[in-house]
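In structure tokens below, several structures.
In the two complexes that follow, chain A is the common piece, with chain B as its partner first and chain C second.
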Partner chain A sequence: MLYKKKWPLLIFVVPGLVFLFVFLYLPFVENIKNSFFDMTGVVEMPGSPWKFIQFDNYKKLFSDETIAIAIGNSFRMMGLTVVFEVGFAFILAVLVNNIRKGQQIFRTVFFFPIVISATAIGLLFKLFYNYNGGMLNQILKSLSLDPVNWLSPELAFLMICIPTLWSYVGFYFVILLTGLTNISDDIYEAADIDGCSKFKQVFYLTIPMMRPVIVTCVTLAVTGALKVFDLPWVIAANGAPQGLTHFLGTYMYQVTFGMNNYDYGSTIAIVIVVMGVVVSRLVHIIFRDEKKEVGR
Partner chain B sequence: MIKSKISIGKIVIYLILILWAITTIFPFIWVIVNSFKPSAEVLTSSFSLPKEFTWDNYTNAFSKLKIANAYKNSLLISGTVTVGVISVSTMMAFALTRYEFRGKKIIESMLVASLMFPVFSTIIPVFRLMSITDLLNSNWAVILPQIAGNLSFATIVLIGFLKSIPIEMEEAAYMEGANVFQVFLKIIIPLSKASISTVAIFSFLWSYNDLFVQKIMIKDNTKYPIASLLEEISSKYGTDYGLMASSVTLIVVPVLFVYIFLQKNIMKGLTAGAIKG
Partner chain C sequence: MKKKALSILLATVLTFTMLTGCGKTEETADDQTTTEATDEAEVTETEPEAEAQKDVTIKTVSMFGGTDPNAEVYQQIIADFQTTYDYITVEDNSQSSDEEWKASVAADFSVGNEPDVLQFFTDATANQIVATDKFVSIEEIHAEYPEYAQDTMGTALEAAKNTDGVQRAVPTTGYWEGLFCNKDLFDQYNLALPTDFASLKTAIETFNENGIVPIAVSLNNVPHYWVEFSLLYAAGPEGYEAVPETAPADWVRGLEFVKTLRDLGAFPVDTDTVDNEYVGSLFKSKQAAMQLDGSWFLGGIEDQENTVVIAFPGMDDQKAEAGSIVGGISSGFYITRKAWEDPDKRDAAVKFVMAQTSQEAVQKYWEKGGAVGKAAVEVTPVEGMTNLALSALAYTNGATALCAPTDSRIDPEAYKTIIAGIVKVSTGGSAEDLLNEALAINNDRK
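Take a look at the complex of A and B:
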């Protein structure tokens, strides 16, 4: 009765739809269109029209060495996030779930880096990595070792990954721990009585029961790895040194807003979208629960 | 159960957990301690307590960097984003759970699909839009896309909650003569306070912490919000370690206090979507 008259819908739905169209859907479509043009500027000016160039930008992807590095780094980052963020968070969650005292404190402490901006964390780690008097080199000095250039071509990628991974462990830790506390204790007690060791319980009880939560975490981690920008940019802008630390996001930014190559930037953005869709599909295929599907 | 003896296993567990806790706490303590030292001292003995306690880095941060101004900009931007996301998404979620209409399914799938759009894929046309409308360098250029960016997710979270509110109360209010808007403002909103605060928290933090959109939309460094300012510090004053330490501290400490009081809500806010799957 109350919701028979439809006209209030206009007021409730239209603002949201306007936002969706103006700032998400139309730009998304426009971005696809842009990737097929040679954009002479971000706004098309009379006198310098944009030229339709078909798939030129996409062909360029295959000859661009930096994008190969960026894609490679993004893939490596995905692998690292799965192992070190989700994997390590899982171990921590299982451990915390096994203790009684201090659970809450560990939750609070582990989660804290998430609320700090990646920019601030980047700045903090820059203070660690500085060649002259950075924290790490001070430690080396006190051990009378030579200082190390932590952001050298060989080390830079690793040094950018460390804070990225470190700051997000707590996020997956809290999600996984919430999942763990939802598993009933009876199951573990039954396993205890049957003489199943704690270690085996993790593999034969915890992991199978936590599967949906783990899949969610892995999906979030790999798609999140595609979106990294702030932290690598603050620690090493423009993929320094020599573009070796570029990720897809940072390279897209540099191409678009550093070199003003808007159309190629649009193309890289599409690569990010496609990779995101493909990778999250892959995660679902890899982690698909065969038993469940056969059984039901 | 018999009082359990302290097993070696438990000790190892605690050791690992404490070690990880140290890695998360130590960097922040280190930076806070060093923010009270002159830069030269940070360079040589960053592990000791300040020999020469100084506020200079803080006075520098406020005079040289206009950090207070950046705070003001950030709070304005993120506050508006939060209010915007809450209002638009509760209305959407209300309409989508209470009304039957043509196109409802389409809107719902549009919301879900838009979660797959990374900010990279829309930013160039949005940047163009902002330059045509002359909004570049204004807070709106950051606010509007950030509202849109958080909207879908917020609406999906709220739909999940609103579905669980029984409709009887609204019908009763209608019998008493209330109209749809009164029902929405007096019944729906008070009942969904918890979910709305979840949405508010993640919208605020995402907006507050995001560098990417700020960096693109606001080029005028007198108008920088906090994240852009931090980035400028790192590239411009990268050798003034004391100043860097004090600016990081100025960012970390307020957040730390808010976090201590609201940690349960914050954790819930930031992990909301994940648990639903």
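Take a look at the complex of A and C:
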């Protein structure tokens, strides 16, 4: 036993718990309550009582076309983050881990987008995509080609995904590279002696040994995809064009603060939380099952 | 024992550090301004009656803050006011109006933390706060202070009454909305400024052929002006100012007019994704020929000689007379019951509002706004006006009808539902369904 008396620990834990309770759990419970009322404002004003509307907001979820788009886009983003953020970061990490000179330069270059604020990246790409005078269309113009509406209904989702995915590759790259450096060189040397090629080493040594780190990255990526907000909002606010690029976060924000529909916004917030919990549990179950199979 | 004391001390420090972050400070935001009497270096004149008064502090809140051009005038009037009445301290907390600010004002009223004087909206935006019954009516103030709001025109006070018909706020200036045109572009392509839908259509087609954006608008960001004028001209002033329970055919036709224009290629290709600042820059840099906007847009236009404001050209089968304008007076200074029932603050609050709404003060506000808006008092015209300002004056003077916008009559959530849905309507969505959805929200809130 490191500490015989436990009560001093409480003194340190309680302030944090109080803080969490007041600023996280209490608002969350309040949010659940709000979803059952027709809120006429952010606060209930004397003389304007909120009407109890039972499950109306939850029923609306099933008839709302935009929430279906938002959920669909959020799931698409989850898949894309796993493949292009974690997957691409893993490839980069393996490649960088295999070089001896200039590793630090690559680390810095790949990590750089993380230190730039999402708003700045969003504005940057917004300028790239501008129809009138945007960088991409200026390039097309110099090649005597017609300008393209990069944020047209057909292209917008892709154009928003590119910077969103790109900006987070560095984050997973650093985590995975740290994981790779923890694998002993002796194992690779032994594999070399046994005649195992570098390519096979990745599949038979690196991936199995990196499994806990990869699982952590995948969990972070899929739950993070549910919280995507700032970049899409800056590039194309209100799910533009025509609500087609809404994610759960952007739609919740538009409903709550753009349309003053606070109660329906609260309902969408609950959907986000529920989906976050379900998805993270699913990831946990999927990887746990695999582990059992490996153990047999 | 020593360790125990240290751990308690550390925990206490940790707790206070966290709680300090939650504490409310009044001077945190950059665009908030606080003016206090102590800032005044010299007090030159003091009214004789002031000497007998005891010190009083009044809390004021206004939307004349941040980058609002009125902020400078507002603060100068406060400074002069405190010089004149050296026993009154004004603790002002002004900020540019946005949804966050409106919510914070509402929150203050709900918890009894309302200011003594509030400069706020008078239309449906204020309904919730008005419902708290925490404002004093002008009639009640007049009973004790007959000189209150004496410079303000009766029509202006009437225009600034709340939606329940009671006059509570004293306004300063109003606004109008109109079609800004780059006249040099029209001249370049031998086009007449549009006066009806046929000439508007010709202009749109010609500009399109020549690579000029005919109308600068972001349907995704600020389609409000097009919604308002389309509804006004389709339904006529009477139909426009009515608050129906279900979508009237004229309103549906009005919203569908936005689709007609879109199909004609009137809007930028990326109108669904760009923001209002961007389309404003298209217009100001002569890449776009027309922009429907408000009187506040005028001051930011560099080319004041080749830009003009004209009436909305209209549409086929319109019910509004040519020259009908959207505009009005939608804000003013309120005195709260909290200040009115405090014997020390009552007189100070009344004096403050009178200082902010006197002829002299409103003249300053009016001039700061380009001297083209609607003033709540009789104003003296300024000399050396630009072509743009002159055209604006001609536009407002020639108005055949002046109608307040829809958001002054219907619930904010209902209005924003219309605004959020206009992109879908412009691409073929049902205008009737959208209007019915919005009006149903409004019906529920009645």
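One rule holds for everything that comes next: the second predicted complex is superposed on the first by the 271 of 296 C-alpha atoms of A that agree within 3 Å, B and C clash if a C-alpha of one lies under 4 Å from a C-alpha of the other, contacts with A are read in each partner's own complex, and residues count from 1 in each chain.
Following the convention adopted for this analysis, a residue touches a chain if its C-beta (ideal position, glycine included) is under 8 Å from a C-beta of that chain, and two chains touch if they have at least 3 such contacts.
Keep in mind that what you see is a predicted model, and the values were worked out from it rather than measured.
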Kindly classify A:67 by the partners it touches after superposition: chain B alone (first), chain C alone (second), both, or neither? neither
Of the two partner chains, chain B (first) and chain C (second), which one does A:78 touch, if any: first, second, both, or neither? neither
Looking at A:254, would you say it contacts chain B, chain C, both, or neither? Reply first, second, both or neither. second
Regarding the shared-chain residue A:149, is it in contact with chain B (first), chain C (second), both, or neither? second
Based on the superposed arrangement, let me know which partner A:279 touches: chain B (first), chain C (second), both, or neither? neither
Per residue count on chain A, the busier partner among chain B and chain C is B
In the overlaid three-chain picture, which partner chain does A:48 touch, first (chain B) or second (chain C), both, or neither? second
Applying the touch criterion given at the start, work out whether A:240 contacts chain B, chain C, both or neither, answering first, second, both or neither. second
So in the superposed three-chain picture, is A:265 touching just chain B, just chain C, both, or none of them (first/second/both/neither)? first
For A:230, using the defined touch cut-off, is the partner it touches chain B, chain C, both, or neither? Pick first, second, both or neither. first
Enumerate the residues of chain A that count as touching chain B in its complex and touching chain C in the other. 8, 11-12, 15, 19, 42-43, 130, 132, 237, 257
Which stretch or stretches of chain B touch chain A in the complex? 9-10, 13-14, 16-17, 20-21, 23-25, 27-28, 30-31, 34, 42-47, 87-89, 91-92, 94-96, 98-101, 107, 110-111, 114, 116-129, 131-132, 144-145, 147-149, 151-152, 155, 170-171, 174, 180-181, 183-184, 205, 208-212, 215-216, 226-227, 230-231, 233-235, 238, 241, 244-245, 247-248, 251-252, 255-256, 259-260, 263, 266-267, 270-271, 274-275, 277
With touch defined as at the start, can you tell me which chain C residues reach chain A in the complex? 3-4, 7-8, 10-11, 14-15, 18, 99, 103, 106-107, 109-111, 127-129, 131-133, 213, 220-221, 268-270, 272-275, 278, 282, 287, 412-413, 416-417, 420, 423-424, 427, 444-445
Which of the residues in chain A come into contact with chain C in the complex? 8, 11-12, 14-15, 18-19, 38, 40-48, 51, 130-132, 149, 151, 156, 236-238, 240-243, 254, 257-261
Chain B partner contacts - residues on chain A that touch it in the complex: 1-3, 5-6, 8-9, 11-13, 15-17, 19-20, 22-28, 30-31, 34, 42-43, 92, 95-96, 98-99, 102, 105-120, 122-128, 130, 132-133, 135, 138, 166, 169-171, 174-175, 178-179, 198, 212-213, 216-217, 220, 226-227, 229-230, 233-234, 237, 248-249, 252-253, 256-257, 262, 265-266, 268-270, 272-273, 276-277
